[in-house]
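The two complexes that follow have chain A in common; it is paired with chain B in the first and with chain C in the second.
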Partner chain A sequence: MSSALWMATFALADDAPTVLTETDAAMNRAKDLTIQWTVADMAPGGKAPRALGFQVRVKGPKSLTSFDAPADLKGTRVLVLARDQMWVWLPSYGKVRRIASHVTEQGFMGTSYSHADMNASRFGDAYTAASMTETGEAWVVQLDAKPDAHAPYPQIEMTVAKSNHLPTRIAYQTAEGKTIKVETRSDYACQAAVCLPGVMRMEDLTRPGAWTELHRATWAADTGLADDVFTVRTLQMGL
Partner chain B sequence: MTDRWVAWVQRPVTATILLALTVLAVLGMAPLAARVERDDDLLAFLPADSPEIIGFREVSDRFGGLDITFVGFETADALDPAFLRKLGALATDLDELEGLDATLSLANVDDFRQDPSGGIVSDRLIQPDDGMTREARWERIRSRPQVAGNLVSADGKSALLLAFHAVGSDPRTVAGGIAAATAKHFEGGSWHLGGSPAIARHIYETTERDLAILSPIAVAVILAIGIASFRSLWATALALGTTSIGVLATFAALGATGTPFTLVLSAMPVILFALGTAYSVHLLSRATSARRDGLSTSDAVARALRESGATVLASGLTTVAGLASLATMDIAPMRVFGLTTALGIGVTLVLALTLVPALLSRFGLDGAPPPGGRGGPTERLAKATIGSPRLVVATLAVVLAVGAYGTTLVDARVDVRAFLAPGSEPARAVQFLETAFGGSQVLQVEVTGDAGEPAVLREIRRLQDALSAVPYATRTDSIVDVVPLLNQAFADVRRVPESREQLGLLYGFVAGRRAVDALVTKDRTSSLMHVRLATNDPDGLDAAVAHAETVARPLAGAYRVTRDPERSRALAVDAIAHRLGNATAVRQVFDEPPTASVAVLSAALAAYLSGPECFVPLPADVAAALADLVVAEVPQTVWGPAIEPYGAPDEVAMAIDSTLPGLRLRYDAEVAADALLAATGGDATQRDIVAGLWLEAADPVLTPDPRGTTVLDVRVTGTPVLYRGLARSVTANMISSLASSLLLVFILEVLFFRSVLRAFIATTPTAVALVVIYGGMGLAGTHLDVGTSMLGSIVIGAGVDFGIHLARAIDDRGGDVFAGVADAAPGIWVNASMVAAGFAVLTLGDAPPLFNIGWLTTGAMFTAALATLAIVPFGWHRLAASTTRA
Partner chain C sequence: MTVLWLAAPSFAQEVDFGGKVASDLRFALSEPEEVDPWVPQLATHTGIPWNRTSLGTRTDASAGKWRGVADVELMLLGQTPTAVSLPDLSDASATSPVRIEVDALYVEARDLLWRGHDLRIGQQVVQFGVGDQFNPTNTINPNDVEDPLRFGDQAGNAMIRTDMTRGMTTFTAVLVPVFLPARVPASAPLGLSEVDRLPFNEEELRWRIAAEKAFAEDLGFPTVVSTATAEPPPAELENMAVALRLGTVIGSQDLGVSWYRGHADTPVAAHTHTTQLTGPFCDPEDADRCVDGLLSSDVTLTFPEITVYGVNGAGELPLPGKAPPLGWRIEAAVVVPERVHSTITNDDIALLGVDSPAGEYAYPGGDTPTVLADTPYPKWVVGLDATLGRHVYVNAQWVHGTFDELGAGDNLLQTGFAVRNSSVAKDAALGVCALTSDGSKCIDETLRVRQSDLAVVGVDVRFRSQRGLLRLFTITDLTGLRSSTVNPATDQRTETRLGAFSDEALSFVLYPELSYDLGDGLSLAGGALVQLGAPETKFGDPAAGGSFAFMRAAYAF
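Entry: the complex of A and B
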């Protein structure tokens, strides 16, 4: 199916649950992804952003992340097989460490993105679409956390482009509706039906001046990543 | 000149023009005054180029702000799930509070610990629904030195939440937000807000509240005294109205220049009312006297202007000059105070000499002169002093001697306790934090140098151990408390890592965490130690700072990283002995080190080979059998074939090689730690730390070398250091401002009287009043601080006014001392009473700083009046007598 036909289908969505369902579908269309990100992270009051770089391979819920910057983390690899199960290859210690993490709201490597933000690929798993408004270009969907879903934020206001059914702005909110973080996703590029933002930016409104920007350097979709990429053996031995 | 002035002022059209101009000026100034913004930055009270302030600001910038609000909780059980839930909800709310960088409490402290199924668990240290028993929670907390005694008290009945303010945020606003959030979640509970931001907030709010309540009362009291003295609402309203316009002018000047309103300026309106009313009071006193003598209003006003106009002008200008001399101080808020108050006095003075006589001439003058003229106690005092010169000299000598002795007792201090009313919430918070958590004062020691080098961290730990002996130190925290815990999470041993690469990796994983950022900069060129002190006593704080500086200074220098087994071992022995005591026993264990049993090592290797971290996991029984063989040093050629069904022998060998050496070291260290604990009777909770230190005994160390590339520098900072700097600054500024004020006043009086001797006599009462007041402060144990240091200028401003008026009045009466006293004394007493009453009202509030300024200024005004009315007549009489003799 061509991209044009997909977009024609998206434009038919007319209620909040449908927009949410189709957004989740659009965000998870690839069977696997390999993306090289460069990251600029600014701390409040910081003079210059900190640079990070990593390549991430994703297949379903599994991911393998290899850091190449900063120097301290170079060679470090992180394997995630489930939401709270990850393994880390520590090159300077020459060992693999399994980390069962239940703390998902911590900043990912000190950035404004939390682990939960980085791994959020299906909003419908933890949120229900409560309401929606519409402009000429986008839908603005209000998401409420499902009870007992351990959603990281009580509410989310997500702006979804009608053109590709992908989020362009995500406002993470408290139960009272106060926005505490704002993520923007822009410069989408598509390979066949798979589209990916070129720039993702997260601003932490509770810490004025704190933001993190991910710039997509290279990417490839559906390259047929094998399952054994996502194993402890690969983590320790490398690809 | 005076006649022309009088004529101009008394023209009916002048009153109309002046009134119109004044109304227009008021209308123009009001919007400007409304623009004034507050600035509650305590650092502004230190000169910008002071080493203390530079150090504090630099460290604050580097480590993300040193403002920390402590929220302390008293509860039946700090580990109770219901309490932890509330604490967690509060921490979540505070995470969203603007201006707050992060919080740290039992509810959100992160932790790494061994996972029974292999690897580690990264989770909250404890959680309300973690299913643990209270004893298990307590055991876990006790094993974490950064938590035990820091976030929960030793008895488990008190908890602490640390709220780190963001750089550049307004401490008072943020502390207010924290208080509101805490009140919401712990309504009816027992909680305390401590730390510098909370104390500053209390001081500001108490002072503002007191001033809001007491200022109108002070004005009413001044008004009442004015009405009682002159028996004229109209005359009194004129005196107070012109002063009000002076106050408005100062606010308009602040608004127009964008100068913020500081705590010091809070007292400015009352000071202006007190000093500014004097000019109208003297004129009214003369005019009402003239009316009593049967003159018409117009003639009475004219006579008052002719008799005292020039004196009022001279006195006012002298006061303006005295206040403006505060511009020489290097404390910015004090400069602003001096200049704006001088402006306000100047405006009031101009209005007193223009608008007041014009309106009196135009609309009439009722009332009567104030009492205290001829035949009153003042005249009797003058007669007594003139008649008993020896008694005067002796009394003056005694007063000056006692006062001078008292002034030697005055010390400039920033005593936080003096700012907190006994029983006030911050006072209780200070007491609570001292009792349950070892205090709320924190001294910081910054070590500039390569904190990415493990050998540097070991030196920092050595310094940290030494700092624990600082007087009143109850706990110390540094990056060397955190790094070993991280190392334990990733490599099972609580030690500073062996290599830079390992240390860098640990830093990389915790980048951006506030608890770490408060201890080491992101570029690792600087690290910070926090020393908590269980005192707020200035002497105690000064002693702690001095000790810390003495201990820290020797670390500064150039080093190189070397392998020096003897020094490495000595460092490890010292560090272990510091924790366990009994250095001799520690050395004995080092001399005969024990080793781990083969069985323990084999079990550990088997657990790894069958666990989730091994990339060739083996069945448990196979792993156990293989581990026994490997530990017994059976070669791969023997066990290889047997292992093939489960994994490639070379890969299994690779897994073993990557793990066994580390396991051997770890278990040897743990056995050694057990031996050390047994030999010294040490606390078992120290086992992991001691094992880590044991391993570090073979690591590289820093060796002093002038050509070395590892350069360390040390700086002691924190609020106790700022307090010391502030005290020094206040002392230096007060001495310079008093000296320059007195000199300026003296010069102006020489010009006014055209006589050095007369100027000396007229200035002497002011100098005596200063000695008496500062001596009184010393004898009463009242410290010199930012507020009380303003006292000198107030005393000079008012005292000079009295001296000039009295001396001029005597001169105007052709040297008739008693006639001069009769003319000037009523005005002096009215003014002194108004000022004293205005300030005395300030003693009724809760704010101790206002209380001090209140009673001291009240005393100063009466002292200045009394000294003037005793010394000037005496001096003028002696001067006249000697002139006659000559």
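Entry: the complex of A and C
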């Protein structure tokens, strides 16, 4: 029986598109997620990393991020319903402001992560799996951006663990194949079928010395987050 | 046991507390405005006009559907009054004044009557507008421009707000029981020294009064404004303000319509009473510089009733190619004011043997003059923003009408002017004009349409992973001026338009700022607010506060 299952898994992961499909499925097993992250962000030439903290609630493409550190960011909330539907609540101004998607160019709160990096959960939407190599424990899949998909990077080289079909290393590349950012994901923990990395680290190779690490503090999957969590009303009032 | 279990709350109370300690020091870059010694001395924006240290705290407590919020700031003003009595020297409240500001102090219930129904009662700020800093539909709370660096801020007021939300559509209703006026900069009373800026719409009356004032000054009796008393509408049911808004999201665009009925937070002159003071009054530093007396005016200001119909929209505009879309926002309002009449009275005045008995001024035609017509007028803000790469953000706005500009009149749609300066025409027969009650042949004026057009352009450059921010904002007044002059040879008046970039009308603001986030809540900033232009212009006006440099430090916890 177990041999048959092993054979089936191996067969499913035999080609790059299948690995990509399996990876997207593994990354999206939760109906919803609530994650508390602590962040260490190092600027190029910096002496010590800057500390941030935020809680993010995710349901499909929708997310609500609430910052609790540092103190001057505390209370700031960001609602994302789609790439062109984003709002921010700035407590010091006491108002909700729609933000155009161009602000994603600035990176996520100045870290090495971009907004697109933070919200990337289904690579198959914007990329096709062009080729694949294999090691004993992982597949290395080369992804090419789909035309007109507004993919944030022309190419991605993604290393996927055979054990859980989840990415352990993602190299974001230019059209010429030059790697500009490298993300590693490690210390996966699982709740039922839902697995989440304990540490995510992004190095921005275009800014030597710049890196950002996200450490998972607490998390919960499939808590039944209501749809009205992801509304401008909740953004303004909080939960 | 069961009873106890039922009585126990089924929710836990959560309390969140945060705050900020901030210091703000400013140095005036402008020369003090010179006024005649017999003019009441007013606050000036010179020397070190700002030296404030503050502690702001925010407490947010919630339990189940209920929530209470307190946003309180304790401010040490850092200014000792220029003159204090000897006993005051032992009174810290006199020598080290302190102020408390409360922007939020309310209770809130979520899903109160049904899912999606919210209620908030207490001191709060309710803003409908989507514009940046310039918001013609934010008329519910009083504008707070005491600090020019926080332009666009509004002060809290006690009110009742209810929201009904279904999906992305929200209907909001607000009741404001008691009116609060706008907070203005300390320099604003300097405007009172500009006694030549007569507020009346009727130009014949304006010229006549200007000629009479000028003639009286020639006779040794200049006019001064001794007091200006603002009279807010009393706290009565009929003076409560009401506001409604319906907002929704359609695709990638936010849309909203709003309605407000209440009072404008900026006053207009409703009554002027003049008293003759017999002198002489002399300059203490120059005994030869004297006047025989003064015509001392006491002005009463009123806050006109207005109805505001508003439209708001924000979203993004796709651009061709791979360029990221532009953000756009439009905020527009049509303001329908009540007509405000002004009355002019005087005590007995005797000049050159001619007596003006106590009573009301003899208006031409008998009608009291208008200081605010009931003609509806528009205001709007159109803005675009874009991000260029990782470091640069650009924001540009066209502002048509600012909150302090009341009345119809602009460069596009309507005629209507405010006087920025008046003077006696060269070679004019001033005595004849004054004694025949016809100032049209004697008075030159500089006029400005009532609603400005401003180009607001800002650039933010972020560096070191957004810890550093170099900001440059500019506001250019595109309104221009008009010169209305009389030719004594022909007695004909001519009006000349002075373009926005002419020497006379050029007026702009430069706001450079460099700030740095040192981490862990500590930040430092320094910069300047530079306001340039002739005194007749919007930003060169002494009442605008002049130019200053600033440095700030803040620690948030």
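Definition applied: the second predicted complex is superposed on the first by the 223 of 239 C-alpha atoms of A that agree within 3 Å, B and C clash if a C-alpha of one lies under 4 Å from a C-alpha of the other, contacts with A are read in each partner's own complex, and residues count from 1 in each chain.
Here is the rule we use: a residue touches a chain if its C-beta (ideal position, glycine included) is under 8 Å from a C-beta of that chain, and two chains touch if they have at least 3 such contacts.
For clarity, every value in this text was computed on a predicted model and none was experimentally measured.
After overlaying the two complexes on the shared chain, residue contacts for A:L90 are found with chain B alone; chain C is out of touch.
Of the two partner chains placed by superposition, chain B and chain C are both touched by A:G110.
With both structures placed on the common chain, the touch criterion links A:L235 to chain B but leaves chain C unconnected.
In the superposition on chain A, A:G177 contacts neither chain B nor chain C.
Of the two partner chains placed around the shared chain by superposition, neither chain B nor chain C is touched by A:P61. In the superposed model, A:A100 lies in contact with both chain B and chain C. Touch criterion met: A:A51 reaches chain C, while chain B stays clear of it. On chain A, the surface touched by chain B in one complex and the surface touched by chain C in the other have residues 41, 43-44, 50, 70-72, 91, 94-95, 97-103, 106-107, 109-111, 231-233, 237 in common.
For chain A in complex with chain C, the touching residues are 41, 43-44, 46, 48, 50-51, 70-72, 74-75, 82, 84-85, 91, 94-95, 97-107, 109-112, 210, 228, 231-233, 237-238.
Across the complex, chain A meets chain B through its residues 41, 43-45, 50, 70-73, 76, 87-88, 90-103, 106-107, 109-111, 174, 178, 180, 206-208, 231-233, 235-237. Of all residues in chain B, only 61, 64, 95-98, 100-101, 110, 112, 115, 118-124, 166-168, 489-491, 499, 501-502, 504-505, 507-513, 517, 522, 612-616, 658-659, 662 touch chain A in the complex they form.
Contact residues of chain C toward chain A in the complex are 18, 20, 58, 60, 67, 103-104, 108, 110, 115-116, 118, 125, 127, 130, 163, 165, 167-168, 170, 249, 252, 254, 314-316, 324-329, 385-391, 393, 462, 464-467, 517, 519-521, 523, 554, 556-557.
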